[in-house]
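This report concerns only the one structure given below.
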Amino acid sequence: MAWFNELLVSALIVIGASFALVGSWGLVRLPDLMSRLHAPTKATTLGVGGALVASMVYFLAGNGTLSVHELLITLFLFLTAPLTAHFLAKAWMHSQRPGDLPQPAQRGWSTFDAGEAEREAASDQPRPPPLSDACGSSASPPPASPSSP
Amino acid sequence: MIEYAIHYAYVAISLGLLFNLWRLFAGPSTTDRVLAVDTMVINVIALIIVYGIQTGSTMYFEAALLLAMFGFVSTVAYCKFILRGNIIE
Amino acid sequence: MAHPSAPRPTLLRRWFPHPLLSLTLTLIWLLLINGVSVGGLLVGLTLGIAIPRLTGGFWPDRPGIRNYRRIFSYLLLVMWDIAVANLQVARIILFRPLASLHTRWVCVPLALTSPEGIAVFAGTITMTPGTVSCDLAADGKSLLVHCLDAPDPEAAVRDMKERYESRLLEIFP
Amino acid sequence: MSLALIVILPFLGAALPALLIRAGRNACTTGTLATSLLAFLLLLTHAPAVFRGEVLQARWEWIPQLGLNVNFFLDGLGFFFAGLILGIGLLIIVYARFYLSKEDPMGSFYSYLLLFQGAMVGVVLSDNILLLVIFWELTSLSSFLLIGYWKHLPAGRQGARMALTVTGAGGLAMIAGMLILGNIAGSYDLSTILQHKEAIQASPLYLPALLLILAGCFTKSAQFPFHFWLPHAMAAPTPVSAYLHSATMVKAGLFLMARLWPVLAGTDEWFYLVASTGLVTMLIGAWIALFKDDLKGLLAYSTVSHLGLVTFLLGLGSPLAAVAAVFHILNHATFKAALFMNAGIVDHETGTRDIRQLGGLMTLMPIAGTLATIAAASMAGLPLLNGFLSKEMMLEQAALTSWLGLPWLVPLLATLAATFSVAYSFRYIVHVYFGKPAGETPRHPHDPPFGMWGPPALLVVLVVLIGLFPASVAGPLVATVAGAVIGGPLPDYHLAIWHGLTPALGMSAIAVASGLLLLAGYARLRGLWSAGPHPEAKAVFDASVGAAVRLAQALTHGLHNGSLQRHLAFAIGSAVVVGFTAFAMASHAPGARPLLPATPVAIVAWLLLLGATGALLALHRRRLLSLVVVGVIGMVVSLAFVYLSAPDLALTQISVEVVTVILMLLALNFLPKETPLESSCGRRLRDGLLAALAGIGVGGAAWAMTTRDAATLSGYYLEESVPGGGGTNVVNVILVDFRGFDTFGEIIVLGIAALTIYALLDGATRGAVGRRLAAWAPDQARAADRHPLLLVVATRVMLPLALLVGAFIFLRGHNVPGGGFIAGLVVAIALIMQYMASGHGWAAVRMKVDYHALIGIGVLTAAATGVVAWLADHPFLTSAFGHFHLPLVGEFELASAMAFDTGVFLTVVGAVMLALANLSRIGVLADAPPPQDGPMEPDLSAPRHGDH
Amino acid sequence: MEFLLSSAIGLLTAAGVYLVLRARTWPVVLGLALLSYATNLFLFATGRLVLNQPPVISASAAGYTDPLPQALVLTAIVISFGMTAVIVVMALRSFFENGSDHVDGKAEDAA
Amino acid sequence: MNHWIIAPILLPAIMAPILLMSARYDIVLARVFSLASTVALLGIALALGSMVGDGQILSYALGNWVAPFGIVLVADRLSVMMLVLTALLALAVLFFAIDGGDRDGRHFHALYQFQLMGINGAFLTGDFFNLFVFFEVLLIASYGLMVHGGGPARVKAGVQYVVINLVGSTLFLIAVGMIYSVAGTLNMADLALKVPQVAAADQALLQAGALLLLLVFCIKAALVPVHFWLPGTYANAPAPVAALFAIMTKVGAYCVIRLYVLAFGEEAGAAAWLAAPWLLPAALVTLTLGMIGVLAARRLGQLASFAVIGSMGMLLTGIALFTPQALSAALYYLLHSTLAGAVLFLIADLIARRRPGIDDQLSPAPRFAQQSLLAAAFFVAAIAATGMPPLSGFVGKLLILDAARDNLQATTIWALVLGTSLLAIIGFGRAGSTLFWKSTAQPGNFPAPATGNALALVAIGLLLAGNVALTLFAGPLTAYLEATAQQVFATHRYIEAVLGNTVLPGGLL
C-alpha cells in the first residue's frame, strides 16, 4: 500500500479514535445531561466516521473494492444519532421538568402539551377512549403523523 | 504505521468505553445512564471497524452495521419508556 | 391511500410507485454485494421494486422532492459543518472552563411544514455545532433547541434558519 | 381346568349381582347363590379324588420370568378350606338376603362378597406363593369394601381403613417373605417348596422369611398384638362378620401356617414365635371377650382367642397338635358362624346388640335361643359338642408343653384361657336368653323367618353331630386335611368323646367350674376390669396413624412450601455438590494448551463486563436501569464473539438483544418499576455463597476446558462444507445442513414460544384478568406525545433500507456470516419499529400478514424442504445444491438449504411479530375502556378482531 | 485471554445465580438472561479460543476455529431467546392474575 | 431407505402448523385433525414396533450425513416402546381434552402436537445436543400447555415450572459443553466409543459433565432433591396436561437409561457405571418422600403428584441397579406408572368439576354426580398406583423386588419399597374413603354437571384398561422387556447400528 494511503488511513484512524475519546470524556466532564448530550452525539459520530472512512480507504487501496458497508453504517448513524439525542432530551425534560424553557408561539412543547390535559383526563376518567385506535379499525394516524399534515 | 494508529485507536476507544462505564455508574439520572450505554454502542462500532482494518477482514462489518442500525432502537425504547411507560401504543 | 375519484394509476406508476426509492435500493444493493453483475442487478431490481410495494403502506404520502440537485449541495454543507462542529465541541469539552459556557434553550419557529423536512432540519441541527434539537411544539410550528454555547440566542436561531431551513425549503414542499 | 374354574367362578359371578339387582333382590340373591353353589359343586366333584389322597393340579404360565404363574392345586387342606369358604358362603348368602334392609344396595354387597369369596378360594387353592399373595391381598381389598359397606357409618369407614392398613402391612411383609422363601427353594410353586424342608430350615434366610411370612399370617389372623383390628371390623354388616371375621378370612393366616407347616414348623424359632403368640392371643382374647357388651364384640374377641388357640397348636409343631388344629378350625367354623348369625338375629329382632339391654329372650325367641345355647356351649367346650373335643386335644397338647424349661406355665395359661372362654360363652347364653329382660328393646323381638335361622340351625346340627360322632362325621375329613398339613404319615390319634381320665379332662373340668364361678361373680369381676388399664387399640392405632399423617404433613408441606427460591436453591445446590464432588473424585491434570495473550481491548471488554455486572448487582432493584445494564453485558458478549472469530454469533446476539429489550420493556410497563428489598441478610448471604460456588464451578470448568487441547469433529465440517454443503460459511452450513435437524427443532421452539405467548396474552384479556387489565392505570406520569414526529419519519425511511439489509443478510448467509435467522430478526425489528413509532393500531392495519400463518408456513417450508429428499430416497433434510448457468446472468448457485433457511426466516419473523404485536396489544387494551363482555365470556373459537 | 473469558463466565454465572434466587420475577428473568450469556460463552469456549480465524472457507484463511460449537451456541441463543420471551410474558400474566410479581404469587404486602 | 423412523417426529410437526393455519377458529376441525394425527402416531409407533421386534436397530442419518457428523435417529426396542406408550397415553388424554378442556384457552391442539413431537424426538434421537433441542421443544410446548386456561394458581405454578426448567436447560448446556470439550463428539454412540479413550487428565471434566447431565435428567425425572417442581406443576396443570406430563418424567428416566448404559456403562473405563452410586440413594429417598407425600396430601391432585414422585423413585431404583433384569423390571414399572399416574389426574379433575368450591380437596362434601362410577375408577386406579394385587403396580413391584435381590442394598431397597407401599395404601385408603364414603354421610347433593363427560370417562376407561392389559399380558410383555433390556445392555449393537462395523475397535465385539 502506498505510503500516502497508509498515512491517510492512519490519520483517519487517529482522528476518529481521538474524537471517540473526546466525546466520551465530555460525557464525564460536562456538568448536566443537556450539556453532556452534545458530546457523544457529535464527537463519537465523527469518531466512528473517521474509522469508517479509514476503513473505506484501506479496503479500496488494499483490495481495490469500494466497500459500501461503511457508507451504510454512516447513513444509519446519521439517521439515528439525532433521534437518540432528541429522545434523550425529551426523556430528560419529561422527568426533570426544566422551568427555563422558552415557550413556542401557540401550542406548548409536545412533551408537555396535551400532556396536562391528558393527565387530568386520566385522573377523572381512567379510560381514555379509542379502542378503535388500538385495534386499528380506524386507520387515523397519530396527531403529529406526517401522513396527515 | 497503520499498526501504530490502530493501537492508539484501541487505547483511545477503550479509554472512552471506561469513561462511559464511569457515567453508567455515576448517573445520576436514568437518562444519563442510557446516554452512557448509547455512547458505548457507538464506541464499540468504532472498535469493530478498527478491528476490521487490523485483521483486513470484512467479516465483521455486519456486526457494526447491525449495531448502527439497531443500537438506537434500545435507546429510543428506553426513552419512550421513560416518557410514556408504554413503548408501543 | 388512493382517493376514490383518482384516475387509475398507470402501469409504470403501479410498478414504480416510488422510482427514486426503487433506484436507491437497487443501487445500495449493488454496493452491498460489492460488484455489478447481471444477476446482482436482477436481484437488486427485484428488491427495488418489491420493497417499496411491500412497505408502501408504511410510508403514506411520500414527499415529492422539489429539487434533487439541492440535496447534494445541502449534504456537502452539512458534512462540512459537522466536521467544524466536532472541532468546536471538542475544544469546549477539552479546554473551556465550564462556567464560561452560555448554555441555553432557544425556540426556533418553523417555516417548514412537511414532516420529512422538519425531521431533516431537526437532525441537521443536532449534528452541527453545539446544538441539539430537543422537542417539537405540539402544533409542529416551533423547534426547541438546546445550545451548548450561544452567547447570542437570536443570532443562533437566525443562523440555523438561514443556513439550513431556507435550503430545505427549496427541497421539501 | 375345573380347578381354576372354582376360583374364577366367583370373580366372574361378581358382575352378576350388580346386573341382576335391577331384576329384584331375589333374582340378585339367586344369581349369587347359583354362582357360589356351582363353585361348591365343582369342588365336591373332586372330593373322591381328594379323599383318595390325590393332589389335583392345574397350571398356566403367566409371568414365567418372575416365576409367577397361575398354578392351582387341590389337596386335603385346600379342599377343606375351599369347602368351608364356599359352604359357609352359601349360608351367608341366604342369610344376607334377609338381613339386609331395603335401603342397602344389595347388588354391590353380593358383588363384593363374591369377589371376596373368589379371592379366598384363590388363597387356598394356589400352588404358587406369589399367586397366593395376590389372592391374599385381594381378600384385604374386598374385605375393605365389605367392612366399609355402610359408608355412612364412621365406624365402618374407620374399621375398614384399619383392617386394610394392618392386613395390608402384613401382606407387604409377606410379599418379602414369599420372595425369600421362593428364592431359597428355587421355585415359587408350593408343591415344589414343600419338598425343600431341609434346605429352607438350613438357610440363613430362614428366620427373616419366617418372620415376614408370620407377620402376614398374624395380622390376617388377628394374633396379638395385631388383634385390635378385628373387633373394629365388626362395624360391617353381620353377614360379613360371620363370613370374613369368623369363618374364613381370619383363618387365612391359619391356613397359611398350616400350608407351610411341613417346611417351616419344627424349629425352635417356629415354636417360640408361633406357639407363644397363639397362647398369648388365646388368653388375652378370651379375657377381653368376657367384658365386651356388644354381642359381636364378644364374638370377635372370642374369635381372636380361638384363632390364638389354633395358632398355638400349629406352633407346637407336633403332628398331633396339627391334627387338633385342623379339627378345631372345623369346629370353630361351625359354632362361631352360627353364633354370629345368631347375634345378627338378636340385633335384627331387638334392634340392639348390647348385652346390658338384653335378657330373657328365650321365651320370645325360643328357636334362636336354643340354637345359641347349643353353639355357645360348644364354644365353652362342654362335652357332647364338637368344641369340647378339639379343646380337649388342645389342653392335652398344652399339658405336654414346656416353655423355656417351665413345664407348668403353658398348661396353666391354657387352662386359664379355657376358663375365660367358658365364662364368656355362658355370659352369652345367660345374659341374653335367660334371666329377666333388662328392659324394653328398641324392637319387639320374635323368632326370625326361616331364612335367617335355617343357616345357623344347619351349623348347629353339625356341631352336635360332630360332637356326638366325631370319628364318623369328621374323621375322614380331619384325616385327609391333617395328612395334607403334616405332609407325611398321620400320628396315632382318636377322635372320640371319651379318652379316659386324662390331665386334659381335669383341666377342662377346672375351666368349666371356674368359668361358671367367674360368671357368678361377674359384677365384681367387672369392677376389677373397669379399674384396670384398657389400652384402647383403636385410640392407639388412630393416634399413631394420625401422628404418622401429621408427621408426613409436617415433612411434606414443610419441605414443599411452594417457594421457587427453595426449589432453585436445592437445584443449584445439587448442581454445585454434584459438579464439585464428581470433579474431585475423578483424575484431573491441568491442560497444556498454549494460552492466547490478553490484549488491552480484551482487558477493557473484561473490565466493562465486570463493571456492568457489578452495576447490575448494585442497581438490580431499579428495574429499568437493570435492563439498561444487562444491555451492556449483552453488548460485551457480542463484542467477544466478534473478537473470538464468531461473526455469526455476534450478529445473532446483537439482534436478539434488541428484540429482548423491547419485549422486556413492554412487560415492564405493567410490572412494578422497583424490586422491594425483602430477602433477609442470611438469605442473601446463602444465595451469595451458592452463586459464588456456582460461578467458581462453571468458570473453573471453562478454564480447565479452554486450557487443554480440543477433541473435535470440526475437520469434517470444514472439509465437507463446500463440496458437500455448497456453502463457505461453515456455521451456516452446519445450521441448515449438517445439523439442520437441530435448526428445525429450534424454529419450532420459537414458533411454540410465540403461540404460548399469544395464548397467555389472549387469556389475559378475558375474565377476571381481563377486567383487571382494563381497569389498569399507568403508575407513572406520561409525556404528552405518543408518536414523536422525528421517530415516525426516521423509522419510515429506515424500513425499506432495513428490509434490503435483511434480504442481503439472508441471501449471503450460506457463504458469509448471516442467514435466515438473523435476517428474520432484522426484518422483525424493522417492522416493530413501525409499531413503536406510529402505534399498534396504525401498524397493525398495515401489516397484511397473519403472523400465525407465517409461523405455520415457515415450519411447513422447512419440513417440505426436508421431505423433498424422500423423492430421491434420501433421508429427511438431505440437501441438494447446484451451480447453474443462465445467459447474461452467469453462474449462480441454488441450494435446497436456501429453501430451508427461508422456512427459518419466515418462522422467525412470524414468531417475533406475533409475540411483540400481541404484547403491545395488551398495552393498548389496558389504556382502553374495559370490554363490555357482560356475564358471558366471549366464544373462544370465534375469530376476533386484531389478533394476528 | 482464557482467564479473562473463564472468569467472565464465572462472574456471569454467579451474578445470574444470585439474581435467579431473588423473590421477584423481574430479577429472576434478568438472572436467567445472565445465565444464558454465561452458558453461551461456555459452550462457545468448548471450541477453544481462536483469534481472527472465523469458520468461513476461503483460500486466504490462515486457519479456522471450530465451527460446531458456534452452531450449537446459535441454536442455544435462539432457544433461550424464545424461552426468555415466554417467561417474561408468563411472569406478566402471573402478575395480572395474582396482583403480585412475587415468584410464589404472594399478594403484595400492605406496606 | 426406511423413512418410518422420522414419521413420529414429522407428523406432529406438520400437523401443528396445519392446525395453526387451517383449524385455528374451528374447534371441531382441530379436534378431528389432532385425533387423526394421534391415532396415526399410534399406528406408526406400532408399525415401528413390528420392525424392531426382531431385535433390529434402525438408524436414520438426517440429511444423509454420516454419524457422528450428522444427527441420527435410532429406533430400537426401547425407543419404540416409549413411542408406543406416548401415543397410547396421548390418545387417551386427547379424548379427555376434547371433552371440553381444549377450549379453555388458545392453541391447545397445536401445542399438543408439538408436545408429542418433542417427546418423540427425545426418544428417537441418537445425538445428545439434538436431545437438548427436543427437550426444549417438549418443554416449551409443556409451558404453553401447563398454563392453558390460566388462573392465578396455575400461572404462578407455570412461572415456577418454567424457571426451574430454564435453570435445568442451562445446566444441560454446560454439561454438554463439558462432555464435548473432552470427548469431541455429540453422537451418543460415538461418545460410547470415545469415553473409554478419554485421558486420565480429562476424566474430571468428563465425569463432572456426565454427572451434571445426569442431574438434568433427574430434574426431568423429579428425583429428590430436584423434584420440587413437580407437585405444584402437576397439581395446577389442566388435567389432561398433567396426565400427559406423566410421560415427561419418563423422558428423564429414558435418557438416564440410554446414556448411562451406553456411554457410561460397562465399557466406559474410568467412568464405568458412573451414575449408579448417585442414582440409587436418590431414587430411594424419592420413593420415600413421594409416598410420604401421598399420605400427607390435602387434595387429590396433590396426592396424584406425590404418587408420581414416588413412582419415579421406584422406577429409578430399578434403573439404578443397572442390570438387564432390573432394567426389564423398571421398564415394566415405567409402562405401568405412566398409565396409572395419568389416570389419577383425570379422575381428580372429574371429581373437582363435580364439587364446585371444594374441588378435589380431601375433605368431606355432599354426594356428586356419577359418584359410584368415579369411586370404582378411583378404586381401580388406586390399586394400580399403590401396587396392590392384582394390577400392574403389584407385578411391577414384584419384578423390581426380585431384581434387587442380589444388590448389596437389597435389604434397604426391599424395606423401603414395601414400607412405602404401606404409606401409599394408607394414603389412598384415607383419600378414597373421604371422597366417596364420607360424602355419603353429608347432607345435600352437588348439582349435576352440564355434561356427563362421556369422552372423559372413555379416556379414564382406556387408561385403566391399559393397566389391566399390562397385568394380563405381563408374561409376553416381560419377555419383550427382557429382550429390550438385553438390547440396551448390548451396547455394541447400538454402536454398530449407528456407526457401522468399520468404526468399531476390535476389542469391543
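Each chain carries a letter (A, B, C, D, E and F) given by its place in the written order, and its residues are counted from 1.
Basically, a contact is a pair of C-beta atoms (placed from the backbone, for glycine too) under 8 Å apart; a residue touches a chain by one contact, two chains touch by 3 or more.
No experiment lies behind these values; they were computed from the predicted model shown.
Asker: Between subunit C and subunit E, which partner chains are common?
Answerer: Neighbours common to subunit C and subunit E are D.
Asker: Which number of steps is the smallest that gets you from subunit B over to subunit C via touching chains?
Answerer: Steps on the shortest route: 2.
Asker: Nearest chain to the global Cα centroid?
Answerer: F
Asker: Among all chains, whose Cα centre is located farthest from the one for subunit D?
Answerer: When every chain centre is compared against subunit D, the largest gap points to C.
Asker: Would you mind pulling out the distance in Å between where the CA atoms of subunit B average out and where those of subunit E do?
Answerer: Taking the average C-alpha coordinate of subunit B and of subunit E, the gap between them is 21 Å.
Asker: Go ahead and note the Å separation of the Cα centroids belonging to subunit A and subunit F.
Answerer: 54
Asker: Give, as an integer number of Å, the spacing between the C-alpha centres of subunit F and subunit E.
Answerer: Spacing between the chain centres: roughly 28 Å.
Asker: Measuring from the mean C-alpha position of subunit B to the mean C-alpha position of subunit F, what distance in angstrom results?
Answerer: 48
Asker: Which residue numbers or ranges of subunit B touch two or more of the other chains?
Answerer: 10-11, 17, 30, 34, 59, 62, 65, 69, 76, 78, 80, 82-83
Asker: Specify, in ascending order, the residues of subunit F that touch 2 or more different other chains.
Answerer: Residues 129, 133, 136, 140, 143-144, 147, 150, 155, 159-160, 163, 167, 174, 177-178, 181, 186 of subunit F touch two or more partner chains.
Asker: Find every residue in subunit D that makes contact with two or more other chains and list them.
Answerer: Within subunit D, residues 562, 564, 568, 572, 599, 627, 643, 647, 668, 698, 701, 705, 710, 712-713, 717, 738-739, 742, 746, 749, 752-753, 756, 760, 763-764, 769, 778, 782-794, 796-798, 801, 805, 816-817, 838-840, 843, 924, 927 contact more than one other chain.
Asker: Each pair of chains that touch: what are they?
Answerer: A-B, A-C, A-D, B-D, B-E, C-D, D-E, D-F, E-F
Asker: Can you list the subunit E residues touching subunit B in their complex?
Answerer: Of all residues in subunit E, those touching subunit B are 52, 54, 56.
Asker: Provide the residue numbers of subunit A that touch subunit D in the complex, in ascending order.
Answerer: 72, 75-76, 79-80, 82-83, 86-87, 90, 94, 110-116, 118-119, 122, 126-139, 141-146
Asker: Under the definition above, what is the set of subunit C residues touching subunit A in their complex?
Answerer: 28, 31-32, 34-35, 60-61, 82-83, 85-86, 89-90, 93-94, 98, 101, 103, 105-107, 109, 113-116, 122-127, 130-142, 144, 146, 148
Asker: Taking the touch rule as given, give the residues of subunit E at its contact with subunit F in the complex, in rising order.
Answerer: The touching residues are 20, 25, 28, 32, 35-36, 38-40, 42-43, 45-46, 68-69, 72, 75-76, 79-80, 82-83, 86-87, 90-91, 93-94, 97-98, 103-105.
Asker: Any idea which subunit E residues touch subunit D in the complex?
Answerer: Interface residues on the subunit E side: 1-30, 33-34, 37-38, 40-42, 44-58, 64-68, 70-75, 77-79, 81-86, 88-93, 95-97, 99, 101, 103-104, 109.
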